[in-house]
Structure formats: C-alpha cells, structure tokens
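Sharing a structure, written as structure tokens. Questions coming.
Chain nomenclature is as follows: A, B, C and D, assigned in order of appearance, with residue numbering initiated at 1 for each chain independently.
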Amino acid sequence: MIKSILKSDDFKLKNCINYIVVAVALVAACTLHGMGELKTSYMNLLVQIGYSIILAVSLNLVVGFLGELSLGHAGFMCVGAYLGTFISMQLSEVIESKIICLLISMLCGGVIAAVFGFLVGLPALRLKGDYLAIVTLAFGEIIRTIFKNLPWFGKAMGLSTGAVKFTKKDTPLFIIVFITVLVVLFLVQNLVRSKHGRAITAIRDNEIAAKAMGINVTFYKLFVFVIAAFFAGVAGVFYGHYTTPVMYTFFSYNYSIEILVMVVLGGMGSINGSIIAATLIPIINFKLQEKLPGDLAALKFLIYALILIGIVIFNNAPKLAPIKEKISIKAIIAKLTAKNRKPEDILNDPAHWDKIPTKISMDEVLSTDIQPGNEYVPDKPEKGGK
Amino acid sequence: MSDIVLRTEDLGISFGGLKAVQSVNLEIKKKQLYGLVGPNGAGKTTVFNLLTGVYQPTTGTFYLNGEELKGKTQEQINRKGIARTFQNIRLFNNMSVIRNVLVGLHNQPEFKCNPFVSLFRLPKHYDTENRMREKAKEILRIVGLEEERNNLACNLPYGKQRKLEIARALATNPTLLLLDEPAAGMNPHETEDLMHIVRKIRDDFDMTILLIEHDMKFVSGLCDEVTVLNFGTVLAQGDTNTALNDPEVIKAYIGE
Amino acid sequence: MSILFDGLSLGAIYALIALGYTMVYGIAKMLNFAHGDIIMVGAYSVFVTLASGGHIALACILSIVLCVIMGVVVEKVAYKPLRGSSPLAVLITAIGVSYLLQSISQLIFGADPKNVTIASLGAVTLFGAKISVSSIVTLVIGAVIMAALTVFVKKTRTGRAMVAVSEDKGAAMLMGINVNKIISVTFAIGSALAAAASLFYLMQIPSVEPTLGSMPGIKAFTAAVIGGIGSIPGAMIGGVLLGVIEKVCLSVPVLAPYTTAVEFGLLIVILLVRPIGLLGKKRREKV
Amino acid sequence: MKKFSKVIALLLSLSLVLCFAACGGNTEETTAGSEETTAGSEETTVAADIAYDLTKEGEYTADNTEYVIGATGPLTGDAASYGISVQQGAQLAIDEINAAGGLNGVNFKLDMKDDKATAPDASTGYDALFEAGMQASLGSVTSGSAESFATRAAEDGVFSLTPSASADPVINASNNSFRVCFGDPDNGIMSAEKLAKEYKNIGVIYDSSDAYSSGIYDAFKAKMAELNVTYIEQSFDAENNRDFSTQVEALKDCDVIFLPIYYTEAGLIAKACVAKGCDAFLFGCDGLDGVASQIDATVTNKISYLTPFDVNSEDAKVSAFVTAYETKYSAKPDQFAADGYDAVYAIFEAMKALGVNNVKVDPIELGKALTATFTSADFSFDGVTGGMVWDASGACVKEPIIVELQ
C-alpha cells in the first residue's frame, strides 16, 4: 500500500518541487532571521509574497482550472480581512497569544469568505465568460461599499487592527504565512491532481461534454468558488494582521486585477507559474517603490503597464508563436537532442504529427457531406458478418 | 420485464414554430445495434440531444429500461445509463488521453471518493486512483488507444479522437450508447476497424448501441434495424435492408 | 421630478459610453477595459483646446479625431496581435492599456484635477424643475446617435459587414470581408462615441484628471450588460436606467452611501433573472 | 527516483518541524515583548524626562551625509494630487534650509515614496525609508496610510510629523506621532459652532467614503445635536459619484451649505450650484483650500473656509513662501504644500533647538528627543500655517482663519 502511494504522481520530483522550494525559502529566511540578518523590509515583503501566493493560487483554481473569469477575488479577501481580523480583535481580549488569535480567525475568516464564495458561485451556474466577470467585479464592489459604511468597522477610517497586528517583537508573521502557503499548496495540488481536479478541468475544456459524462457541474463550480474564496479569506486575515488599518480602498477591482495579472503572467492552470508571478510582482512593486521616489512614481505604472502588455502579447500572439518556439527552453533542449531523431520516429510518434505537413486540413475532411452531385446512392447492402 | 432498453413515445421538439423533430417512436432491444439515418438536417442529432437531456422534448417522452427520463438533466440521464459521443468531437483537448477516459469513470459507484478524501490524501484516494487507472487502461485497450494514453487528446489524429470519444462514453458504464457519426472522417480501413470495435463493445459489455451514420456501408454492415428521418419525421423504420431500400428513402436522399 | 431629469442626463452619458462598449464587444468580442480611458484622453484634449483659447466646436472635432486615432492605434498595437488567442489575454492587455494611458496622462498633465471652463448652455424650467440645457442636449444627442448607429448597422455595407463579423469571423472572412478593417472601423466608431461622451461629461462635470475614465467606464459597462451587451438600444436603456437609479439612491440619505452597492446589485439581479441582459440576443450553443 | 522522493519527503517534514521550532522559540519572547510595550505606554505622561543620546549612530544611518527626512504619500492614483503637493512643499523647505547652510553646515534630504494612499504600501515604504537611513519622518499624507506608517514607526520609535493626516487614530497610533494640520473633530466642532450661530437653513454635503470628510461630519453632527440645531444632510461617495446635481437640488433652498470635503469635489459642487441656480453660501474646512483653482468666473456663490493657511495672505512669511513656490513649480501652493513646508521647518527648528550635530544620528534616539521637544511647553513654531504648539497627544494647536473667496 505505502509502496503504491510512494509510487504515485504525488511523489514525483516535478510534482513536489514547489513544496521543496517554498520550504527551503522558508528555512533559509528563518535561519537568516535567527542570525538577525533579515531586514524588516524583507520580512514584510515575505508576508506580502506569502499572501499573494495564496491569492494567486486560489484564483488560479477558478480561472485556470475551472475556466471562469473572476474579477472579484479581492472582495473575498476583503471579507476575510475585515471580519476575520474583527474576530481576532475580539478574541485578543480573552486570548493572549496573537498566534492563537490568528489561527482561529484564519479559520473563521476563511469560512465566512467561503460562504460569500458560495453566494458568488450561484450566478456562476447561470452565467459565463464576460458576464460572470462583470458579476464578480460587481460583487467585489458591493462588498467594499458595504464594509466602508458599516459602523462596526470604522467606516471610511478603516478597521484599526493595532491590537492584533504582528509587530517586530512578535514571532515573524512570515513564518506562519509561509507554513500556510505550504498547506494551501498541499490542498490545492491534491485537489487538482485527483479525480475531482480532472472533473474541474473537464468542465473548463468542454462543459457540454463534461455534463454528458455525468459530471455534476453545479457541484464542482460551487465547490471551486467556495474553496478559492476560503483561501482568499485566509489571505485577507493575514493582511489584517500584517498592516493597520484595514481599509476598503485596498480591495478595489484594481487589486483583483493585480491578482489576475499574477495568474495570467504565471500561466493559467500552472500553480508553479502562479507562485513565481506572485513572488515577482510584490518584489517588483517594492523595488520600484524604493527606486522611484517622487515624480518618477508615475513611471512605475507606465513600466508596469508596458511589461504587462509586452508579456501578454509575447505569450499569446498567434503570429509570434514560431519566434517563441525558437527561443523557448523546450525548443532548445529539443534542438540539442533532435539530431539523432529520424523522420520515421516523428511519423510514429503522434505527439509530433502536427509537424508533418498535410495537404488536407481538418476542415476539408469535415465538409465532406452530401451535396448535389455528390449524393449517396445506397448500394445493395451486404450483410456484415454477425 | 421486456428486453426493450429504450422506448420513445411520440418524441418531438419544436424551436419557436419550427418542428425540428416530431413523433419519433423507437423501440430498441437489448444488445441491439440500431441505426438512425437520414439526410443532413433531418433531426438525427436533435434526437440524440433530446435523449441526453440537452434539449427538453416539447411532446412525448422516453423510457430507459422502463424508467421515464424526460425532464432529467444531462448529468442525471448519464448516470441513469445513457452515454453519447458528439458529431463535432468534444474531447477535453488539454488533457491526456487517459485522463479523458478517467473523467468518464468519474461517477462510477466503485470509484466513489469524497473531495475531502482527495484534499487530505487519505489512503482511499490512492486506492481509488490506482483502480481507476487500471480500468481506464482496460477501456483504452478495447478501442486500441492504450499506446497513446499519455498523449494530449488534441494531438491525436482524427480517427483516434473518434475512438477516444467512444472510450470515454464507454467509461461511464452506460446501458445505452449513442454514437453520433462515429465513422465520419475515417478512411475505409479505419471504418472497418471501428466496425469491429463497435461489435466487440456490444458483445463484451452486452451493450445496446444507437448510432447515427452517413456511411451506409457502415450502417448496413452493422445495424440490425434502422430508422430513417427526414425533416424531423420518421420516413421508414425497421429492418435495415428493407428500410434503406424504401422508395421514399431513396427519394429523400436523391431529392427526386 | 428633478431627480428624474438629473438621472436621465447622467444616464445619457453612461449610455453614450455604453454604446461604445457594446459596439466593440458585439463585433470584436472583447471587453475593452481601456474604453473609459479613451474618454479621459478625449476630455484632456477638450481641456487643452479650451484652455488655449480654442472654440468649443474645434475642441469637439479635435477630441473626436484624437480619440479615433488613439482607439485605432491601440487596437492595432495591443489587440490585433492577440486576435485568435484567449479572450482573457486580450482582457489583460486592455487593462494594461488602461494603466498605460492613465500614467501617460499623469506624466503629462500631473495628478491634480484641472478645472475646465466650458460655456454653460444655461438652464430651462420644465415641469417645475430646473434643468440645464446641456443635459437635454446630451439626451437628445444620445438618442440621435443610437438611431444613427442602428441605421448604420442595418442599412450600410460596412454596417452589415460588422454584423457578419460579429456572427462569425471565419465565415465573414470567407465571404470576402476584410475582418481587420471592420474591427478597426468598429474601434474608430467606439472611440468617436467616447469622444462625444467626454464632451458631454465635461459639460456636466467640468473637471479632468487621469483617473476620470475608470469609474464611468465600469458603470457604463455595467449599463451595457444590463441592457444586453451587443444590443444598441439595450445600451441606451441600460445607461438611462442606471443613471436614474443612481440619482434616486443618492437622494435618499440612508441609501446614499450604498448607491454603488445598489447599482451593482441591480446588475446581478437582472443577470440572474435574464442572463443575457434586458435586450440581449440569446445564442444557442450547438451540440 | 523513488529513493530521491523519499529523501525529499524527509527533508520536507524536517523543514516543517524546524519552522515550528522557530515559532515556538519566539513565542516566549513575544509575550515578554508585549509586556514591555504596555509598560512603555504607561510612561507617556513623563515623556519629557526620557533620556536620549544624540551622539549615537543608528543601525542604518552609517552612510548618511545629509539628514534624511522620510515620507510616503500618494504620488499616483486617485489621491496623487495631495501627495504631490505635500512633496513639493516639503522639498521647497528642504531646498531653502540647504541654501541657508543646513543645520550646522549639514544638508537635509527629503525621501518620499509612493504609497498610492494604501496602508500596506505606506508600511513597505516606511521599511524602505528606515533602511535607507531615514532619521525623522513626515509620516504619510492620507489618514489610512499615515496610521499604517505611524504604527510601523512606533515599533521602531521613529518620529513622525504628518503634514495633512487629520484623523485621530494617526496620532493615537504612537507617542512619536504628531501632526501639523487641524484634527477632524476640531474642524467639525468649530464649523458647527459658527454655522449654528449665524445661519438658519443649514445643509451639509459630505463624502461618506473619505476618512477626513466623515471624521469632520461626525463631530459636526454631534455638536449640532448638542446645540439642538437641525440641518439637511446629503452624502456622496467620491470614488463613484462626481455629478452633484441631486445633492445640490436637495439643498437648493438652504442659506448655507457646509462642505467638509476636499477642494476638487467642492469645485464641482460650486459649479453644480450654478447649474441648479442655487445661491447658497458655501462653507468648508481646510480641505477646501485650493478650490479657487477649481472654479471660474461663472461661479457666483460666496465661498469661504476655515483654514490655517491663506495663499493670498499679506503676511510676509506666507507671501515669501507663495512666491518661492510659484517660482519653483509655477503653480500656487495649496494647504497640503503649506503643511508639508511647515512640517519640514518644524522638524528643522526642533533639531536646531536640540542642538543636533551628528549627521549619523540614530533615528530612535532622535525620535525620543524630538518627541520630548514637541511636547515640552516651551517649544512653539511659527510657520506659514500659523503659530503652533503641540500637546501630549500629538495634536497641533493653532488658530484658524477664515478665507473668503469672491
């Protein structure tokens, strides 16, 4: 039994490399911190990276795996940040340890956000594509509008979370955040690499066929929205413990879009890509903030926008595909190994059949149909052997 | 208990004023290979869509093994035992061949596995996955795609994609298999091969199969009974030879 | 009564922007997030022309010319290379373009809002409420543009080609329609509408800043979706409806802070009841 | 391969254990630390006696050749105009100080980071500044970010004197946090008293989405209830509404409309008044400073506001500042610029009074010293926004003037 478990995909190096990288990064950061070599700015940057990873990975579940565009992810984070941190602040009056407060409120914030995820998932059952995108965007704005007017959360002033905020004297927040990142990665990858993950990707690839295969589309759509919202809520709780005050301005659709940008830059459906993008974007933001003071700050958005447009066009433009293939790592490796490849090999390997020039394209095959002058005249049927 | 698997009664649907299909009465017996033929636009695929819950019939109803399935959703109908393939192939293109089949196996009671079992990787998850893989390989072997199991579905040649669709439908363990133009786009050699596969499926699984096909050699070589549709109505029905040689049918095809 | 008129004139602006959205979405099948920022560009050009002593008519023409050039250039540079790739990629590029336009205008004009001195057309009293002439003009022009667009799409060659492209790009291409040209024309029309919207926007809200376009853009997109995206009268109805609702909410003190929530809530409710919007055309996916 | 996977699994679990160990190890420190903090805050009242050492070198100030004053503010995004004003005002002050020979020959430097008016960016901005050798700070420009900045600064003990963040949580966030501007409640109470005394039909339009505006409005509301005066309220949400016809329509018959908002929206409201034919007197607080640039000749309403700063003042100091600002930036300074200018000078004066003569002075020691100076009874500062003294809470006490626009 254990042997077969160890043999499964879960324990292949390429499937757990991300755990290793995150864990090594965490251990390295802990060591540096223990030696007193880790600057506060880097510790705080690590927290930002951590919750960005959680957000990006969870949004990737919705966008990359389920194939539904959501522009309201910051809304779930907002729920977690306001309500989760609020709960934590109430708890802090009874419980002294900030860590325990955080852990409890993480669960609470996540669960409440998940409830909202369920509510947003409901329209997702009826709507698709851009319509769903605008509904999720609308949802995010509604949440924000409500929180900025409720008296319990400081209204426009925001929720002051000084009582529970992790300060320099506490256990560095990044440790807890990164352990959570590992847990989130574990859960998300387990989901994706299971029959349920297959069902979810099947819905993305072809909803009609998925339905015809008896996949419970309703259940899985709601399930994905709930899970993603749960994680976003957890990220929100971290946010509330990382900075004060929790203000509605942060959770605008612009932030949802920033998370989406992480997912798209990392590659939809690629968890490792999301991790990399969610690491790079906070670093870029931080470095640009550090390096571009004053008037140059406006340049930051300019650079950001240009990078965004450039990368998306480069990655997706059909016309650039041949250029991209030439310079991609895969292509370089293939080139290095291609010399010993005989044409017959290519012919026998269906993975390379797209490289074989054919005269008849698929459309022509499909269009063979009964037309005037090309009608089918039934032959004398020959009874097939039975 | 009769051995009639699928019975439709006065099945019909109209879109707006257009009667796409009207009063189709079918009776398909167990292990039967039944053909549904007719010129383009005759409403064959619409009948499939009615039987699988894509459209809801406006008149009539249909029964699978005596149980009325009208009004059920696509998912429910699939679980009751009707599986289908699609005329314009609808594979999960970005997934490997074996994963396509694994999706088909998703609802089998023997592979039931709560999402949280997978989420927390309880031992049951590994057990289920392994058994599913074995089963999927077995099904792929039947349609002759075992070798290709790790390729992306969209990289398969056309004929193999058709076969994969059949394998995937088969994986849902249906009592009735609906094949929508399974031989379209295949060369004669592949068609021959497919005929063997269809028969093998019928024999190995005691399957009842309803198929739409334009290739009359394929139909007449395979089916015991056919129904000929034209403009949404039944033109002829019964024994394959007789029905296909019906003057009305020939007229409908040649247009005279 | 007065609230209704205020709502109508605000709605007319939303409607004008929504028409641009709906045209571009209907034909190019892409959500042009940067549409709101094209309005901002138009508004700045009006501001610059007026501030340097130009006549309002000149400002109007210049802003339309600039917006059309802008729209077409953006389409050629940022969207055309992505034709045929996933809609999400196009959406992200559009967002990138939106950021780009905002930061460029901040670099040029600075971040602070600039006052625009625009000749007031005065006001008239109608049904006991005082209404500025500019809002009536906005409404009338909006209706005229809507009618003109409908006629354009139905009666002219280019318009019919647009419909063909929106139905099926591939088939349209096989019919000898230059799809790229049609999409460019669509963007040009959409941007011209944005320029018009910017002018009327300034008549009611005479102040420009780099982020001017984003909220009206989102609101107008909401309006377009409420009306049924791709439908020209739908955009008009959606815009006016949204404008009136916004004003009614604002006039109730308890509800006023929640205005945005009410507007977006309305969107969700309408889409849940009618997933294609009020006047949208249903498309059946072929199985 | 299989073996390798096992090794990795082992490594993974090991690292997890390590992490937990690290967590557990630090927890004890945590509780001890928080006790210290509480102890510290009890001693606030005797802040003046805190010992400091201005010769000490800071952790990150070894490379300083100038005194570094840090700040964050919105330099991009919706609120960018406020941040840029503060930056320009502060920079002007720095330039003047340097031109006059600095502090004992040592120049000053302003380092301002963009925070887009969001809390996390203010916090990372603070980190970057602190590690770049910042010695004293202007905090942040907008209230939320300033609270975030001040909280982080309090952890280290860095002095912050925010030019414009008027909400009370900002100065309550730490003992080292001070402000140059009026507090929101002060504005609200002063306005309520004035309006209740002089007018009958009072209307209010406030921005429910803005901390500054709702802060003033809440105080105003309470004061009006206390004075037993009724008024009509209207609100808007600056993020979403820029068309004020409805609000003005509702207040058309008022004698006076109180506008506890910023000048950009106030300009639009004034124009909406023209469109609606409403001739009410528009009265606001210091946020209205700058409204002159937002309106034109068409606006006939009388507008006036409570402010510590009048750009047209005859006062020599103010007109010198205005002239210098105009020469440098070819625009008239608004209140944010004046606040930024004053904040820099206040810090400079305090440092001069302290006799700071160490370019590498430790920000923490300097923080203690500056806090002691600012809260001491004999420190006052006379700037372009009036004469100021600070109380122990960090609030600034100064006299408002009423500026009238025609």
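Miscellaneous remarks
The criterion applied here is as follows: contacts are C-beta pairs under 8 Å (C-beta built on N, C-alpha and C of every residue); 3 or more make two chains touch, one makes a residue touch a chain.
Everything numeric here is computed off the predicted structure, so don't read it as measured data.
Centroid distances built from C-alpha atoms place B farthest away from subunit C. Set side by side, C-D and A-C show the greater C-beta contact count at A-C. Centroid to centroid, with C-alpha atoms defining each point, subunit A and subunit D lie 37 Å apart. A separation of 31 Å divides the Cα centre of subunit A from that of subunit C. Separation between the centroids of subunit B and subunit D, computed from CA atoms only, is 71 Å. Looking at subunit D, residues 75-76, 80, 84, 208-209, 237, 239 sit in touch with two or more other chains. Residues of subunit A in contact with two or more other chains: 145, 148-149, 208, 298, 300-301. For subunit C, the set of residues that touch two or more other chains comprises 103, 106, 111, 257, 259-260, 287. On the side of subunit C, the complex with subunit A involves touching residues 25, 31, 78, 81-89, 91-93, 95-100, 102-104, 106-107, 111, 218, 221-222, 225, 229, 257-261, 264-265, 267-268, 271-272, 275, 285, 287.
Contact residues on subunit B toward subunit A in their complex (touch as defined above): 39-40, 52, 54, 73-75, 78-79, 83-84, 86, 88, 90-95, 99, 102-107, 111, 113, 115, 118-121, 123, 125-130, 132, 148, 151-152, 155-158, 160, 168-169, 171-172, 184-185, 195, 214, 216-217, 220-222, 240-241, 244-245, 249-250, 253-255.
Interface residues of subunit C facing subunit D in the complex, by the touch rule stated above, are 2-3, 6, 9-10, 103, 106, 110-113, 115, 117, 120, 123, 130, 132, 204-207, 209-211, 215, 219, 246-247, 250-251, 253, 256-257, 259-260. The part of subunit A that touches subunit C in the complex is made up of residues 63, 69, 122-123, 126-127, 129-131, 133-135, 137-139, 141-142, 145-146, 148-149, 208, 253, 257, 260-261, 264, 268, 298-302, 304-306, 308-309, 312-313, 315-320.
Against subunit B, in their complex, subunit A makes its touches with residues 1, 4-5, 8, 10, 187, 190-191, 194-199, 201-202, 205-206, 208-217, 223, 269, 350-351, 353-354, 362, 365-366, 368-370, 372, 375-379, 381-384.
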